[in-house]
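Before anything else, here is the set of structures, which you'll find just below.
Next come two complexes, and both contain chain A; in the first it sits with chain B, in the second with chain C.
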Partner chain A sequence: MRKEIVDGEVRLSGCLGERYIGCGMKKGVLHVEGTPGNALACYLDGGEVFVDGNTQDAVADTMNAGLLAVRGSAGDALAYGMRGGRVYILGDVGYRAGVHMKAYEDERSVLVVGGRTGSFLGEYLAGGLIIVLGLGCEGGDITGYFCGNGMYAGTIYLRTGKAPVNLSDKLILRHVDEAEKAAVLRPVVEDFASTFSLDAKLCLSGDFIAIEADKSKTYSQLYAAV
Partner chain B sequence: MRARYRIRKDEECISCFKCAKECSFGAIGVVDGRLVFHHDKCVDCQRCVSSCPTGAVFISEDMNRFRANSVFKEDDIREIGLQASTGGVLLSSMGARDGQVPVYFDKLLLNASQVTNPSIDPLREPMETAVFLGQRPERVERGVDGRLVDNLPPHLELSTPVMFSAMSYGAISLNVHKALALAAQELGTYWNTGEGGLHESLYPYVRNTIVQVASGRFGVHETYLNSAAAIEIKIGQGAKPGIGGHLTGKKIVGDVSRTRMVPEGMDAISPAPHHDIYSIEDLAQLVMSLKEVTGYRKPVIVKVAAVHNIAPIASGIARSGADMISIDGYRGGTGAAPKRIRDNVGIPIELAIAVVDQRLREERIRDRVGIIASGSIRSSADVVKAIALGADAVSIGTAALCALGCHICASCHTGRCAWGLATQDPELTKRLDPDEGARRLVNLVNAWTKEIKEMMGGMGINSIEALRGNRRALRGVDLNVKELEILGIGYAGE
Partner chain C sequence: MKKEGEVRISSGCAICGIFCKDGRRITGDAIKRSISVMHNRSNGLGGGFAAYGIYPQYKDFFALHIFYDSLSSREETERFLDRRFDIINLSKIPIRQTPRISDAPLVWRYFVTPLPHMLADSQLDEDEYTSRAMIRINNSIQGAYVVSCGKDMGVFKAVGYPEDVADFYRIDEYEGYSWTAHGRYPTNTPGWWAGSHPFSLLDLTVVHNGEISSYDANRRAVEMYGYSCNLLTDTEVITYILDYLTRKQGLGLKECAEVMAAPFWSTIAAKDEEERRRLSYLRKMFSAFLVTGPFSIIVGYSGGMMALNDRLKLRSLVAAQKGDTVYFSSEEAAIRVIEPAPDRVWKPRGGEAVIVSLERRGI
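Let's turn to the complex of A and B:
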């Protein structure tokens, strides 16, 4: 792995599985070339991390702020417990992406996946926004099993007209109208598209569905106090 | 539901109505200038009894007993009734106390010196109670100049082997956190934030604070992690092994919301597992990422509940790079847990310490980690026994709350704590003065430390180091052969 500083930005090249790159970074710009290892950008607290390749597991764990943009695919447990900032993955992501993402005051975690995701996407979602575009997977399933299980806040948007397989009965699925698309999705998707030089119109084309928690089925109803 | 307790007053009552003012459960009211008792709402927290200026209030068990049955006890019948009417999972708090599982501490007896080895009087001779928690270097290293190389990984230094258990802001009040932080600072020990984040006003106590990272990751960010002396990864808790947490939206108000960094009024769910930890390798990765983000300056603790395979689990944790293992036993407390889990899952802490210490010694990795034991440590004698069984230090939660007024009515989950501890109601939380609370905690731990010194001195031991894992100091009574074998001790008289 080689590190150089070009125009005030840090460039790492020849990465081959090195862990914890960009861990706790607060500001600045980091370019990563090659394949960084697990726990890339964990606790990211600001600044921007660009990866020109694939990333592994536990990327953006407990991320608080900043931007992570991956011009490839990501492994399992992406953006676990993320509270703020943006994670953009151009390709596909593995299992358990966006588990227990949150939002708080002005902070809203945003995860956009260009391709498709594995099972357990957005489990326990507590806030924030997950958008899966499924580019190149049109007509097919773009998420795996148990999408959004246990989520109690936040929204998962999928660019498909097709409901995810075995969607929990504690979730509500609805079609996204043009007004919501323009207000909620367009700004985020345009930012994602410009990051990877994609055509935003194409990314926003077609049907979108939204998945949210059924507020009438909350956790507190589970209990009887002794 | 039928009343469980009866509230009475006698002729000493001067009708000052203090009891009604103090009752936060609505069990005592005033109507037309007279006290009115709503017995069914009483939880036997003893607040009214303690605050009555003339000692005129009495709480007792309701005399109407259910028909005795040796199989279906009164609680069973009550709980079946409650579940039949609500369809709910039974929720309770504090630790298991049903009594069907032995408290092994009560069956252990300590040794003392007689004739052949002298006992030590701690009032006259130095007695070391300081404990260093963390990894020990495996060998002494010297530089080319022959001088010692400092290869000691980061440690926690405790003046006495007692620290305060993790209790989260939200489950308990900010005043309790303040009292714990102040006391830990004065005592030279540590308090633990639990998983609900660290209130900004407590950042100055960084040298005595342990911050927790749990599956919900509430309030966890880089500044939080660096505002502590150590970081604890919470995998499990003795009161509810294997399940997650659920802080009801009703308790997520004001500063609790800001500290947890979740919106007001929204439930805060801690998933049952960390979904990024499915193996020891995954755990090692979280341990190392926490060390990375804090510049390898802070030790990392992994907290687990005492469960059936605790020995191999501890072995895995010791190999994960963690500096300490915190083990919370079956009787450990909680602010809220499903009653069936609390009362039926996990194993007593005494057995867990013994098997973990034994296993790590056999694998020659005992020095890689410190062991912190918790889960119903009630007295200095329990501390000494836990250390003799193999722990380095203990942490106390319930006992600390008792020092602050708690009478273990097990109603924390209602959020109406009359002692102002497990509540966020400003009218109730102000009942605890943090400075006075800290003074009581300091008194308690200082008293225990004196007693620990007395007991060690009696055994002819002058340092906690020499007590650790010293099972020759223990004998058992009323235990069977298997229990003695697991505890690694002889029977009294052997």
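Let's turn to the complex of A and C:
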């Protein structure tokens, strides 16, 4: 792994499994090339981390603020317990992405996945926004099994017209109308698209569905009361 | 020393595999470089390798790799073997001494074939005859452990980091079309030589990252069919489950995966009727072989390799392909170090077996 500083920005190249890169970073810009190891950008607290390559497991764990943008894929347990900031993954992500993401006052965690995700997406979601675009997987399954199980706040948006397989009956699924798309999705997706030089129009094209907790179900009240 | 099952150590593991579908034989150097990238996933308490296609000159004989705690256990084992097998060749396995590997047992290798009249009298096929003999050695000869007993393959394992184990056994001097590796970080039990991975019976080997919650239920089930779990560690039972399901029940490996990492009933309910019936049958018929808890495994066997995750995918597993070569690993970095530009990299889903086989035999 090589480290150089160009115009005040840190550039790491030739990464091969080194853990904890960008962990707890508060400010600045970090460029990572290669295949960084587990726990990349965990506890990220500000600044921007750009990765040119695939990432492994436990990326952006408990991230608090800032931006992580990966021009590649991510492994399992991405953005676990994320509390704020933005995580953009251009490709696919593994199992258990966005588990127990949160929002608090002005802090809202945002996770956007360009490809598809593994099972247990947004499990126990407590707040924030997850958007899965499924680019290149149109018409196919983009989330696997048990999407949103146990979630009690926050919203999962999927760019598909199809309900995820065996979606829990404790969740409400609705089709996203143009007004909501323009107000909620467009600003985030445009930012995602510009980060990776994608066509925002394409990323926003087609049907979107939203998944949220059914507040009328008792267990939701139980969780919400905590 | 206290062995597996007698103490509990709280603590991960690393696994990887390389398979040349064209039968091209490569040295152990690549697998060593791959597993060593994941050094931090192990803690020096076990490392090992399985290699296929390494004994072409003896490919019709069972290759026995055996650990002995003492000279007397070796003598007793050799007397036992002499009565049942024709020993074509025997020798110490060549090692390279390194200060990082210590307390080595005696490590011997035999090429054997069942004595024809004994085999005929036993009314067994040679695989069953040999596996029973090996189980008996492990079970009844104090201080002797059969590490592997398949044809044209072998297991090389020890207590130490995998890269040091590779040097110790000089695996760079062997050439095989299929390699698996393991770096151990024992979670429940101490590391000891025979308790390192891969675990093996006949030509089947298993390397495993995880821990099996259903171990005791699985152990009781396989022990009903003549297996004996005397290495007292969870991975061993996976080896016997696979041997039982494939060799004795005639299941294919995909079906084995659907038994061991069976889909949830809710998942099965969403399938079409034929698939629902098939998956339900497998779950009901072989319920004692459902393996629960987190695991990723790589299974080696003559002519093929399978990688499998538990149904919840609670351990990491990455697959990649470049031309005729297929790679599996706990971490993508361990593949990139030996193949920087794969044609395809993917992450198999939980319970989804990836199976690769030789397409052309040998060059």
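One rule holds for everything that comes next: the second predicted complex is superposed on the first by the 218 of 226 C-alpha atoms of A that agree within 3 Å, B and C clash if a C-alpha of one lies under 4 Å from a C-alpha of the other, contacts with A are read in each partner's own complex, and residues count from 1 in each chain.
Keep in mind that, in the parts below, a contact is a pair of C-beta atoms (placed from the backbone, for glycine too) under 8 Å apart; a residue touches a chain by one contact, two chains touch by 3 or more.
Source: prediction; values computed, not measured.
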Who does A:38 touch here: chain B (first), chain C (second), both, or neither? both
Taking the superposition on A as described, I'd like to know which of chain B and chain C A:148 touches: first, second, both or neither. neither
Examine A:98 and indicate which partner it touches, taking first as chain B and second as chain C; both and neither are also allowed. neither
Between chain B and chain C, whom does A:126 touch in the aligned arrangement: first, second, both, or neither? first
Looking at chain A, does chain C or chain B touch more of its residues? B
Which superposed partner A:17 touches (first chain B, second chain C, both, neither): second
Which partner does A:115 reach: the first (chain B), the second (chain C), both, or neither? neither
Looking at the overlay, does A:166 come into contact with chain B only (first), chain C only (second), both, or neither? second
Both chain B and chain C touch chain A; at which residues? 19, 38, 57, 120
Residue numbers on chain C that touch chain A, as the complex places them: 37-38, 40, 264, 266-267, 269-270, 312-313, 316, 318, 331-334, 336-337, 345, 347, 349-350
Footprint of chain A on chain B - complex, ascending: 79, 82-83, 86-92, 213, 215-217, 220-222, 225, 246, 248-249, 261-263, 266-269, 271, 274-276, 282, 285-286, 288-289, 292-293, 338-339, 410, 413-414
Over in the complex, which chain A residues touch chain C? Could you list them? 15-17, 19, 34-35, 37-38, 54, 56-57, 73, 75-76, 92, 94-95, 118-120, 144-145, 165-166
Any idea which chain A residues touch chain B in the complex? 19-20, 23-24, 26, 38-39, 42-43, 45, 57-58, 61-62, 64, 77, 80-81, 83, 96, 99-100, 102-105, 107, 120, 123-124, 126-127, 150, 152-153, 218-226
